[in-house]
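Here come two complexes built around chain A, the first alongside chain B, the second alongside chain C.
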Partner chain A sequence: MWRIISQRLLSLIFVLFSVTFLTFIVSSLAPGDPVLNMMGGRQDPVRYQFLRHMYGLDLPWYQQYFNYLGNLLSGNLGYSFKYPERPVWSLIANGVPVSMQLGLTALTVSVLLGVPAGVLSALWQNTWRDTATMTIMLALYSVPSFVIIPVLWVVDLALYRAGWPSLPVAGWGKPEQLILPVLVLAAANIGFIARLMRSSMLEVMRQDFVRTARAKGAPESIVIRRHVLRNALLPLLTVLGPATAFLVTGAFVVENLFAIPGVGYLAVQSIGQRDYPVIQATTILLALAVVVMNLVTDIGYTLADPRVRAD
Partner chain B sequence: MAEIPTIAEQTAPARPWWMYFLRNRAATAGMVFILVALLLALAGPTVYQRLLPADQQRSRDGIFQDYESINAEASPVHWLGADYLGRDTLTRLLVAVRVSLLVAFVVEAINIGLGGLLGLLAGYFGGWVDMLISRLADMLFAFPGLLLAILISAVFGSTARELYGGTGRLLLVAAALSLVSWPLMARLIRSETLALKSRDFMLASRSLGASDFQLIARHLLPNVAWIITVAATLDVASVIVNEATLSLLGLGIEEPGASLGLMIFRAAGKIERYPLQVFIPAVMITALVLAFSFVGDGLRDAFDPRSRQSG
Partner chain C sequence: MSGKKTLIQLISLLAALSLLLAACGSPAAPAAETSAPLRWSLEGINELPALDPPLAGASQSVGVISLVFEGLVRLDGGLNIAPAGAESWDVKDGGKTFIFHIRKDLKFANGDPVTAEDFAYSLNRAFAPEYANGNAGYYLSNIAGSMEVQQGSAQTISGVKVIDAQTLEIDLLNPSVYFLYQLTFPASFVVSKKAVEANPTAWTDTAYGTGPFMVKEWKHNQSITLVPNPNYWLGKPQISEIDMPFIQDPATALKMYQTGELDIMGTYNFPTDQISAVSSDPAFHQFNQFFVAYIGFNNARPPFDNVKVRQAFAKAVDKATLINKVLEAAVVEADTIIPPGMPGYNADSAKIQAFDAAGAKQLLADAGYPDGKDFPKIALSINNQDPNFPKIAAALQQMWKETLGVEVEINTEELSKFNDDLTATANDPAAAGALDFYISVWGADYPDPQNFVSQQLRTGVGNNNGHYSNAEFDALVDKADVEPNLPSRLPLYQQAETIALTEVGWLPLYYGKANLLINTKVKGLVVTPQGLFPEVDWTKVTVGK
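So, the complex of A and B:
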């Protein structure tokens, strides 16, 4: 087990190196002199040198990269180009808890809805209910979020016009403002998890030990709950990584369309202002979220599966 | 007396793949839809213009703003209405579909050329070639979802616009999306090549003196071509969504250019008054995505007898 965990940690270091290195390279290839942009019309050579030095832009690129890595390790994400001398962290700090709350709620909702849908579909295998559920799940999985959002808005609007209770379509802070964005963000993952759960259930139901359980006279509900479900849930752990990756891209769209001040929203704002360190930091934070989720998944899988544990 | 099939009968050529494809109704419908969409995207705006009264024909380039018909409803002059600047919705829709398909075409050309080739080389040569290509692919895989494409479009977006205008943005989006696409293709082709490499027909050709180039081009390529086709077709669906996502976030196609994502974003704010302006592009993108998914699945079933039997 420790061998597996140490292997995972090694690959984690590789992933972190890749993300920081590529992000650094892309951002430093950004055209134009950021310091000149920042100074605008004022051509002050002393100030120019000072700013270049402050941002470390007068160093060779590999030294800039190592400084950048060192700063990252000490929790410094760099300084904003738009607001000189303001750390990037102060610009996106408020967005981090917002995005985390949104993402984790969406993840929970997608598991809570996706798993039962997949399980029921497997139990109804090859009936019209199975087909209907799986068609809906396929639609949730493949219809892009920016198509689901207008549909929800229009339904919500119709409810409002009819005088029925309706939900706010934008903003952040109240619990009811969370409902629509979470549903949209969870949609793709619900479909993904339900389809995975169904095939995992069917796979386990074919196993010999399930037949044995039935043969010894165990009631169907016990067979399903104790023998099938517990084994079928295992592969679900592996989807947490990809599911988080879905959430990351989804967060950009959902936060921007619902005007939620998370990191995806702030990043897009900073792009308009050519504030590259902000988008650079956002990229690293979001990639890190996925990396951590993958690690948690791997360790969780190792702990949950006795076959892997014994290895 | 029982009929014993002759060897010729037993090995009679199976029906050609396209007969299996045509029996799949969803795939055939998807194929027809794609062909019609392609035709309309290419020739539609011009034909549409000719079908209108002579004095209205100027408003058909998708950019012309007809201030008399701002947010107009569908009429003989604007078949699907007009947007908030009085631009004809049908024309912009067709131009946007053209953009979607063009981006998808460029991305898949790169995806097949680069991803397919690198996958073949990595699988065939192994050793340090494989090491180099696989690690490069792994580095790009470290970024979840669209994150790298978002970073690249954000950093180089304004330069692309300044240098080459709308075309520059389109090419930048295509380049960013190809960078995200090719590692998966390379990985698929690599693993298939690895499996094929040790097969007897490869050994036989090699012992007859075939060169590396002949082995790759004459023996490996035809055997992985169907995987490349299926993977590229399925990837088109996500490229179309990704292009729309980037454009929606303001990182892809910009005004006055047309993109399905941009159309949805522009109209989203006034959805309660002009829902059709959102739903027309939304329905179109959903249809395109489903069509490419169906065709991709249909091709896979047609090419691969194993998936045909199980599904």
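So, the complex of A and C:
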């Protein structure tokens, strides 16, 4: 296993290097000038040249790239163009815990609700209960968050106007402000996990070792818990790894509509503003998270499944 | 270039006005009891872009900065210059030298006295090279020696002189009557050297100045909370606290307002598709802005180098249909360059570009394109940021086709790309990639017609992207810009505006409208008919339970 880890760590360096290069090239090729954005509607050629020079944007692209890499290696992510008072690392550092808290809560809720729904559906296979559960799950999975959110708002507003208990429609910091965004974020995942669990369960239930277990006379509850469920959970691991990686970089729509100070919103906003330092930093963060989580998933898989270890 | 920031600038102006007005005139209020906090959303941002006055650019920053900081002068409800940090001033050398007399009892919020040295320090700091990304250079480069400091060849501005603790002299390169207006923009606001030097990288987290409030807590990426400045020269405001959450999506802010989580929303952005749902609410206010959306033409190459073609395109536009039907009256039809409410607005100019289908056809025929025959292929460029633009462009396309027989292509671009192309057009209007014509916007930096007339259409100015040029126009605005007497100045701008409208330097489309919800329990904030958001004295604003 150590060989796998060291190989992955080596490839991590290569991946990160490629990511910085590609992001850099793509940002340089994209039309749109950060200095013009910075100056707003005020046209002034002298200041324009001065600012380009100040940010090193008048240098050839390869020189800009090497300067950038040099700063990166010394831990300097630079200053945001849009928020001139704020170093990029502080923008990101504020957002990551928020996005993670939101994402982890949502993921936990999805697993806690999605797994039982999938398991029960599999046990009820081809009954009306199975069909009903899977239809609901399909609906949750298919309806995009920007549709669910306004619906929740309308309901919430109606509750508020009727004088009944209602939830805060946006904001961050109080536990009750977490409820609506977590519901929205979890909705799609619950649907996905339930459907995944159901098919995985059904597949395992047809395996020989399950038949053997039953033939031995093991009670059905033991067969399901010890033999089927344990094996059926494995595919979930592969899905949860990357899903966790995206948590750090946040959920754009949900963070935006619920005014949650996470990273997702920052990333997209910075693209519109051509805020290169922030674009680069969020991309590296995402790449880093994906690579690390894939590694963690692989290790987890190896630990959980002796068949993989044997290879 | 006129760009998306103009709306921002406009609102910043409104906010600045409102806040500056706050302090206006009235003597210190008797110590009143504390009222409830004011919850006021900052829409369109997920972090306050800046709180350091020299870095003020975005309207939300200007709004908050103007609550915390103040400068030498401010604007009053009549859009006139009124005293602030300076209780009086003298203008000498025909408008080239300004002597400011600093208020004797002026204090920072922490109680430290404020002297002429502090104002000089703040100006020098605003022009320091590390603040070149701010706006001091744009507003105040007329101060003698300022650009030398910005470019690093001098440490202090030669034109800023401390005569004594209570006297500050500012010398200009060119006489200017709107210099005082330019001082109402945050770039020159006074900051405490002690506060800055104690924590150079994060002093704004607990910023204080000479404005009515000071920062209690800035939760980055989330909200900022202000508390009253006990040493404010007009007295301590009664509001116990101002809580300002950053809310990117105005629809979210509206929902928060509707569920009682906000007292004021819509200052910086309002979900226009929700206007009909709230318009009957007594808390809802709508007002016109110093903001004009217009079509600019590339005057440097065919076909729009021909004044008759521009006139034909202007007269073929039925603005009443465009605004009332296509945009459902969410904005106001514009027929002038100087918007209503601004000094110099001239209602008579409105007739110059009036809709006249037959006249438009004739003009195009006179220009050599009868019924649009042989008219070159042209494109109207717009940015995709403003939801109004695609609707307008499609309607205009139809009008020009029906009336003139001309096919116009619509070129929709992302805002950043559009800004690039507009700048390229300004730099080289004859180049192949230059735009033919485009929809753009301008919002006031300050309420002076110079900002709308001279700074947009004079030959060679930075914002004249389409290279409109008329010698008579130039002569009129050059005279007006240095004319110290307002009653003599305004007619000069009006004459210039008449020329520019007749020759279609701009084809104005609409004036902006702003929408705002202010809970009726908030007292002391007034929305004036002009829309110049509240004529406030912050010491008198209260929030009921």
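Criterion: the second predicted complex is superposed on the first by the 223 of 311 C-alpha atoms of A that agree within 3 Å, B and C clash if a C-alpha of one lies under 4 Å from a C-alpha of the other, contacts with A are read in each partner's own complex, and residues count from 1 in each chain.
Just so we're on the same page, a contact is a pair of C-beta atoms (placed from the backbone, for glycine too) under 8 Å apart; a residue touches a chain by one contact, two chains touch by 3 or more.
Since the model is a prediction, treat every value here as computed from it, not as a measurement.
Once chain A of one complex is fitted onto chain A of the other, the partner contacts of A:Pro116 are absent, as it touches neither chain B nor chain C.
Judged by the touch definition given at the top, the superposed model places A:Arg274 against both chain B and chain C. Once chain A of one complex is fitted onto chain A of the other, the partner contacts of A:Phe258 are limited to chain C, with no touch recorded for chain B.
Contact with neither chain B nor chain C is seen for A:Pro97 once the two complexes are overlaid on the shared chain.
Of the two partner chains, chain C is the only one that A:Gly173 touches; chain B does not reach it.
Within the superposed three-chain model, A:Thr244 lies in touch with chain B and out of touch with chain C [touch as defined at top].
Within the superposed three-chain model, A:Lys82 lies in touch with chain C and out of touch with chain B [touch as defined at top].
By the touch criterion stated above, A:Pro31 is placed in contact with chain B and with chain C alike. In the superposition on chain A, A:Trp153 contacts both chain B and chain C. Within chain A, the residues touched by chain B in the first complex and by chain C in the second are 30-32, 153, 157, 256-257, 272, 274. Interface residues of chain A facing chain B in the complex, by the touch rule stated above, are 14-16, 18-19, 21-23, 26-27, 29-32, 142-144, 146-147, 149-151, 153-154, 157, 244-246, 248-249, 252-253, 256-257, 267-268, 271-272, 274, 276, 279-280, 283, 286-287, 290-291.
If you check the complex, the residues on chain B that touch chain A are 138-140, 142-148, 150-152, 154-159, 237, 241, 244-245, 248-251, 261, 264-265, 268, 271-272, 275, 278-279, 282, 285-286, 289-290, 293. Contact residues of chain C toward chain A in the complex are 1-6, 8-9, 46-47, 49-52, 55, 57-58, 129, 132-135, 137-138, 150-151, 204, 219-222, 245-249, 251-253, 255-256, 258-261, 414-417, 419-420, 423, 426-427, 441-443, 445, 462-463, 465.
Interface residues of chain A facing chain C in the complex, by the touch rule stated above, are 30-33, 36-45, 47, 50-51, 54, 81-86, 90-91, 94-95, 98, 153, 156-157, 160, 166, 168-173, 256-259, 261, 265-266, 269, 272-274.
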